[in-house]
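After this come two complexes, each holding subunit A, first together with subunit B and then together with subunit C.
Right after this comes the complex of A and B.
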C-alpha cells in the first residue's frame, strides 16, 4: 500500500552482501592461509581484500551503468547465445558454491552439535528455510537478514573477544618472513571466503539507488576483510602460528578451548555454531535468490518466488554430491577457480561490451 | 475433493471481500412520514415495533393560546433513555407552557415554533422518513410526532445504565492517569478528545453490522497521520459487511493485514492516554461501541512492548525495562527449549557441577526431558486458562492448589524434576512480563513450537526456529508499516526510541513506520535555526 515490496535500500544491500560473504569461510580460512603463508597469512587476507575490491568495483561500475541484472545486460549487449552460456554458468556456479557451504555446515554440525542426526536433515532444513525466504520475496528476506545478521555478528564477536585473553602477540611477529610469492598464492585461497559481491550482479534491479553500487562494494569489502583479518589474527595468536594448520576447523577449535566468563557455560563452541548457522542461512539465501533471478530473467518470467520450489531438490542434490570432508575440500578447490570467471572475467567482459556499445552508439 | 478445494481457496485467498454479502446497513430513507399522526403511529406500532414490548408510545394533546388542540406523541424505548429529560424538557415543556403558544399558520411554521420556542431539550434533529426515525429510537433517542406535519423531531435522550470510568485492569501503571475506557462509545471518544484539544483531531463515525448497527469511530490527527493510512482504514472498514460486531475484536479480525499471524497487527489499549500518544505519533485509532478498549494501527512488533509508563518515568529506568523485556521475549520463547537442548543434546556445555545436579535431580524421572517439559507446559496452560475464567477468590485457590500443592507433589512423586519446574515457572513469568497480553499469548504458542524443534535437533533446532520466526515476522505488515521496524533499517536516525529511550527533551522525531506527514515534533523554525548552527536558537 505505502511501500513498494521489492526494493532494498543501500544500507540493506550492504548488510545483505556482507552477510553472504561471512559464512562458511570463517572455518577454514586461518588454516588455508597458514598452510601457504605461515605467520604472514594475515597479510594475504589484506591482499585478498584488495583483489576483491577490484572485482567489486568492476561489478559496481557495470551495475551503476546498466541498472539491470547480468542476464538482462548480456542479452542486450551480447546476444542470446552468450546470455545462455553465462546464465547456465552462473547457475552451476551458485549450485556448486552452495553445495560446498551446505556440506561444510552439515559436516560441522555433525561433528560439534548433533552427532547422531543424519546430514540430510540439517541440509534439508536449512534449504527449506531458504526456499521460504525466496518464496516470501526479496524485501522480507533482506529485512530478515537485517535483523538476524547484526545480532549474530554481535554474539559471535563477543565469543571471539573472550578468546583474546589467551592471545599472545608474538605469534604473528615478526612480519614479512615468508616470501611474497607464498603470500600472494595464499591470497588466492582467501577469495572463497571474501567473495559474495557477484550477487550484486543479480540484485541490481532491486536496488533503490543502483548508482550507489560503488559505495556498497567498498564498504562490503572493508567490513568483510577486517572481520576475516580479525578472526585470523586472533586464531593465530591463540592457537599458534605453527599449530593452526593442523586443525581442520581452527576457529571452532579455538572457541572450544575457552570457558565463558564466570563459568556460566563449560564450553562455547556449540553456541558459536548455533550462531554460525544463522550466518550460513544468510549466505545461502543470497545464492538461492541469485539462482532464482537468473532463471527468471533467462525465461522472461514475471515471478521468481514459485521457482524456488523447483530449486529445492536441485540444491539438495548438489549438496549431497560431496560425501565427506575430503571430497568437499576438493569441490571447494574447484569452486575457487570458478570465482575468477564468475566475479571478475564475466563482469569485466560485460563492462567492456557496454563501453564499446556506448562508443559505437555515439559514432 | 471439493471441501479440500474450498479450504485451499479460503486459505490462499488474500482478498476475501466476496464472502460478505453487501447490504446497506444505513436506514432506508425512501419511506416518508405521513401528515396524519394516527397513520404514523399505526405504522410504528403495527409494523416496525410490533411485539416490541419495551417500546413506549405516549400520546397527548397540547392546547395553544387560541384553544386549538394539537395531537402529539412521543416514542422511546424504556431503559435506553433518560426519562427525567423527556419528562422535564419535552412533556412538561409542551403540556404546561404550550398554552402560551400562539396559533401558527401552516404546518412548517408550527414545527418551527415548537422546535425553537418550546422544547427545552438540548439536542434536536428533524427527520421526514421512517428509516431514520426508527433507527433513532433504537439508538436511545426519543421521537416527537406532531399531527399535520410530515416530519418528526428526534430528541437526543440517550441515557442508559453504564459502567463508570474505572482504572484499566490490564494496563495498570504506578504513576500515570488511572482512567480507562468503558463500554460506552461517546464517553470513550470524549476521553480522547479531552486530552487533545485540537480541532485537527478528526473523528469519523460509521455504523457496522446489519443487526447490531454498532458505532465505530476512526480517529486521527489531520496533518500528522498519513492520509493514505486513513483512507486504507476507511476502505477496509467499508468492506466489512457482516451481521454483527460484538466487540472491536471482531473488527480487528476483519480488517487486519494477515489473518494467519499469531501476533496482533493492532495495538489494543484500555488507556485514553495511550491512544492520544499514538494519535500524536501519526497512528489511526479505532473506537468501537460496547468495547472497553481501542485499536491502534499501524503498529510494529516493538511498539507492542511499550507500556504507557515508559514515557512517564525517567529514561534510565525506562531503558533498563526495555532490556528486561528483550530478555523476557527470549526466555518466553525458548526457556524450555533451551533446557531440553542442554539436557538431551549438549550436556557438555553446562558447567560440570550444574550438569551433575541436574542429572541427580532427574534421577527417577521416567520421561525424557522433552516429554517432561510438555507435561509441565500443558499443566501450566490448563492452570492459566482455569484461573482466567474463575472469579478472584477461587482463581487464587486454583493457583495455590495447582502451583504449590500439585507442583510439589509431582516433584515428590518423581514425575517431573524440580529444575524443570523452575524452568517452566521462569518461562511463564517472562511471558507475562510482556506488557501486551495478546503478544504474550502469541509467545505461549511459540514456546510449544520451539520445544518441538529443540526436541528434534537441540540448539540447531532452536536456531532454525529463530530464523523462521524472524523471517515470518518480516513478512508481516500493519497498514504499510513493517512489523519489525525499526530493526530492519538500522538507520541511526531512527534509533531514538529503540535501544535507549531518549530523554524526552531529545526526542524530536516521530517514528517513521506511520509515515507521518509532519516528521518532527519540534518547531520547524527552531529546527532550521539549530541546523544552521545559530547558537541563540532557544532565544
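Right after this comes the complex of A and C.
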C-alpha cells in the first residue's frame, strides 16, 4: 500500500472525533432533554458537556501516557484475560451503538425521503460506503471526513440560522424551575449524543502527537457541546417546549416549518436530511474503524483492511435488530448504560493501573 | 483479461445500484395539491382538495390565449374520518401520485371547527406529508364555498389565498399564521390559539380578522379592529394602517411601523393586574393640512395613544369577557417571567383570566410626517 505515513495530525483527530459525535443525536436530542428537564434542557446539555469533558480527560491522560491503543495497554498492564473481556466488550459496544445510529438513519430516510426503499437497503449502502472508507487504514478515512465535515456543518448551521426567523427568544424561560434531579437525569441522556471520544482510545497509535490528547478532547467537547446547545436552544425557541416533546425528530419538524428567504429553495428538509446522512456516515466510519483496530490488536495482526470486510455483515445484522422507533429507543437506552464503562470506567481503570505499575516499577 | 473483468464487474455493480430506484416518480406523474379544505359531514369530514392542471396553465399566465378551454384547477372531494384516510380514498380516483409538499393552505370549515378540532389537528400533525408551511385557516361558513371560488385576480386559487396573507398591506388587521405556528400555540396554550380566518365576499375572498380557538373548539371570530387591538398588544402589528378622529369631522390616517410591547406585573391579588408598556413608531399617512410643529405633533401623538388604548381594550374585551380564553399571552408571560406568581394561578387560570386587569400604557412616536406640513 502507498500509505506509509499512516498518522493523523492533531487537527485531523479533533475533526474526526467531532464528526463521530455529531450524528444521530442531532435530530432527537432536544426531545430527550425536553422530556425530563423541560425548558431547562439546555442546562442539561452543558452539564452533559462537563461530564463528557471529565471522561475525555481520563482517556486523554491514558493515551498521552501510554501512546498505544486500549487493547495493547491493557495487555501490558492487566493481562490476557482482562484484555479479552475489555476487547469483546468494546466490540459489542460499538456494534450496538452503530446499530442504533444505523436504524435511526434508515428510519428517517424511510419516513421523509425514500418512502418505499427497504430499510435494509439504505443501511447496507451506508455500511458499504463506510467499509470503502476504512478499508485502507485511517488516513483516507480521516481525509474523507475532513472534506465532508466543514461543508456539512456550514450548510447545517445555515439551515438552523434560517430557523431563527421564527424563534421566540423567551421560550427558554423560566430558568431553573425544574428540579435539579430532572436536569441531572436529562444530562445522562445527552451522553449518547455527546460521546465519541472513546474512539480516541483506539486512535492513539495513529496520532502524530499523542501527548496533545488533552487539547484534542477539550476542543472536541467544546465544539460538540456548543453545537448541540445551539440546536437545542433554537428548537425550543421555534417549537416551544410543549411541541418539542411531541415529535420523534423535533429538529427535523422545525426545519420542515420554515421557508428559505427568497423562496429559491422552498423546502430545506431535503438538504437537512442529506447533510445529516453524511454525518451519520462519518459517525459509522469512526465506530467501524475502532472495531477493526480492536480485533487487530487482540490477535496481534499487522493489517486491518480485510478485517473490516469481516465486520460488514456483523454490523448489518446488528443494525437490523431493532425494527422500529420503539425498539430502537429501548436499545438506545441500554447503549446509554454501556457508555459509562466504555467511556469512563474502563479508561479510568487502565489509567489507575498505569499509575500503579509506574509506582511499582520505581520501588 | 484482467482489465476486462474489472470493467465488467464495475458495470455490473452500477447496473444493480443505479437502476433500482424504488421511489422514483417523475414530475409529470405527480399532483401537487394546492389547497386542503375540511367541512363537517355527519359523523365524518368532507375533505376537499384542489390542484392545478399544469397542462392548462402553460402559456396562460402571460395572458397569451391560455392553454385550452376548461378550468385550470381541479377539485376533488371525499368523505373520510381523517386526513390520511381522505388521501387514500382520493388516490383511487386521481391519475397521478398525490403530493402535499407545495400545498399552500389548509382551510377548516366553521362547522368542523365548532364541533372540535383535536382529532383533525392531530391527524394533520402526525401525517408526515402535511406541509407545515401552509397557512392554517378557519373559514367563516364552509370551506367548500371558499375553495369553489374562482378568482379573476390570480390563475391559481392556492396562490391567491396565500398572497392575501403574505403580501397583505395591512397586516395588523389579520391574524397571519402558518400550520407550524398555530400548532406551536395550540401546544403551549393547551388547546387555545388564534388562527387566521377567511370569508367569501362576492367575487373575492377576504381574510380580515381572525378566529379564536378555545380548548380545540372554535369559540368565535374577531373583527379587524379586535384583531388589530390584540396584535398591537402582542407587539405583532407591524405595517398596520389605522385612523383616529380629531373632532370637527377631521381625521388622521397613520401607519404603525413598529410595535414593541412589554408586559409588567403590577399586582398579584386574586386576579393579576398587568400593565402593558407599548411603544409605537408610526408615520402619518393622511392628515388635514395644518402647521405641524412639535407642539401639535405632541397633541397628535397623545390623541393617537388614546385611540390605541380604545382599540386594544376592544380586542381584550372580546377575548376576555366574551370568549373567556387567554390567547393574549398573559398566562405565558406570568409562567415565563414570574413563575412563582404563576403557581398561584396555574390551576384555575381559565376562570381567573377573565378577571385579570390589563392596563394599557402606549407611547407613540411619529417617525415620518408625510410630504405636507
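Operating definition for what follows: the second predicted complex is superposed on the first by the 359 of 363 C-alpha atoms of A that agree within 3 Å, B and C clash if a C-alpha of one lies under 4 Å from a C-alpha of the other, contacts with A are read in each partner's own complex, and residues count from 1 in each chain.
Rule of thumb we're sticking to: a residue touches a chain if its C-beta (ideal position, glycine included) is under 8 Å from a C-beta of that chain, and two chains touch if they have at least 3 such contacts.
Note that the structure is a prediction, hence the values are computed from the model and not measured.
Shared-chain residue A:92: touches no atom of subunit B or subunit C.
Within the superposed three-chain model, A:64 lies out of touch with both subunit B and subunit C [touch as defined at top]. In the superposed model, A:114 lies in contact with both subunit B and subunit C.
Once the two complexes are overlaid on the shared chain, A:246 sits against subunit C while remaining clear of subunit B. In the superposed model, more residues of subunit A are touched by B than by the other of subunit B and subunit C. Of the two partner chains placed by the overlay, only subunit C lies in contact with A:177; subunit B stays clear of it. When the shared chain is aligned, no partner comes close enough to touch A:348: not subunit B, not subunit C.
Using the contact criterion defined above for the overlaid structures, shared-chain residue A:257 touches subunit C, although it does not reach subunit B. Contacts of A:215 after superposition: neither subunit B nor subunit C is touched.
Shared-chain residue A:266: touches subunit B and subunit C both. Common to the subunit B and subunit C contact sets on subunit A are residues 113-114, 117, 121, 125, 266-267. On the side of subunit A, the complex with subunit C involves touching residues 111-118, 121, 125, 166, 170, 173-174, 177, 238-243, 246, 253-254, 256-259, 266-267.
Of all residues in subunit A, those touching subunit B in their complex are 1-3, 9, 11-12, 15, 109, 113-114, 117, 121-122, 125-126, 129, 132-133, 136-137, 140-141, 143-144, 146-148, 150, 263-267, 270-271, 273-275, 277-278, 281. Touching subunit A in their complex are the following residues of subunit B: 226, 228-229, 232, 345-346, 348-352, 355, 457-460, 462-464, 466-468, 470-471, 474-475, 479-480, 482, 484, 487-491, 515. Taken in their complex, subunit C has these residues touching subunit A: 17, 22-23, 101-102, 125, 128, 131-133, 178-181, 183-184, 187-188, 190, 335-337, 339.
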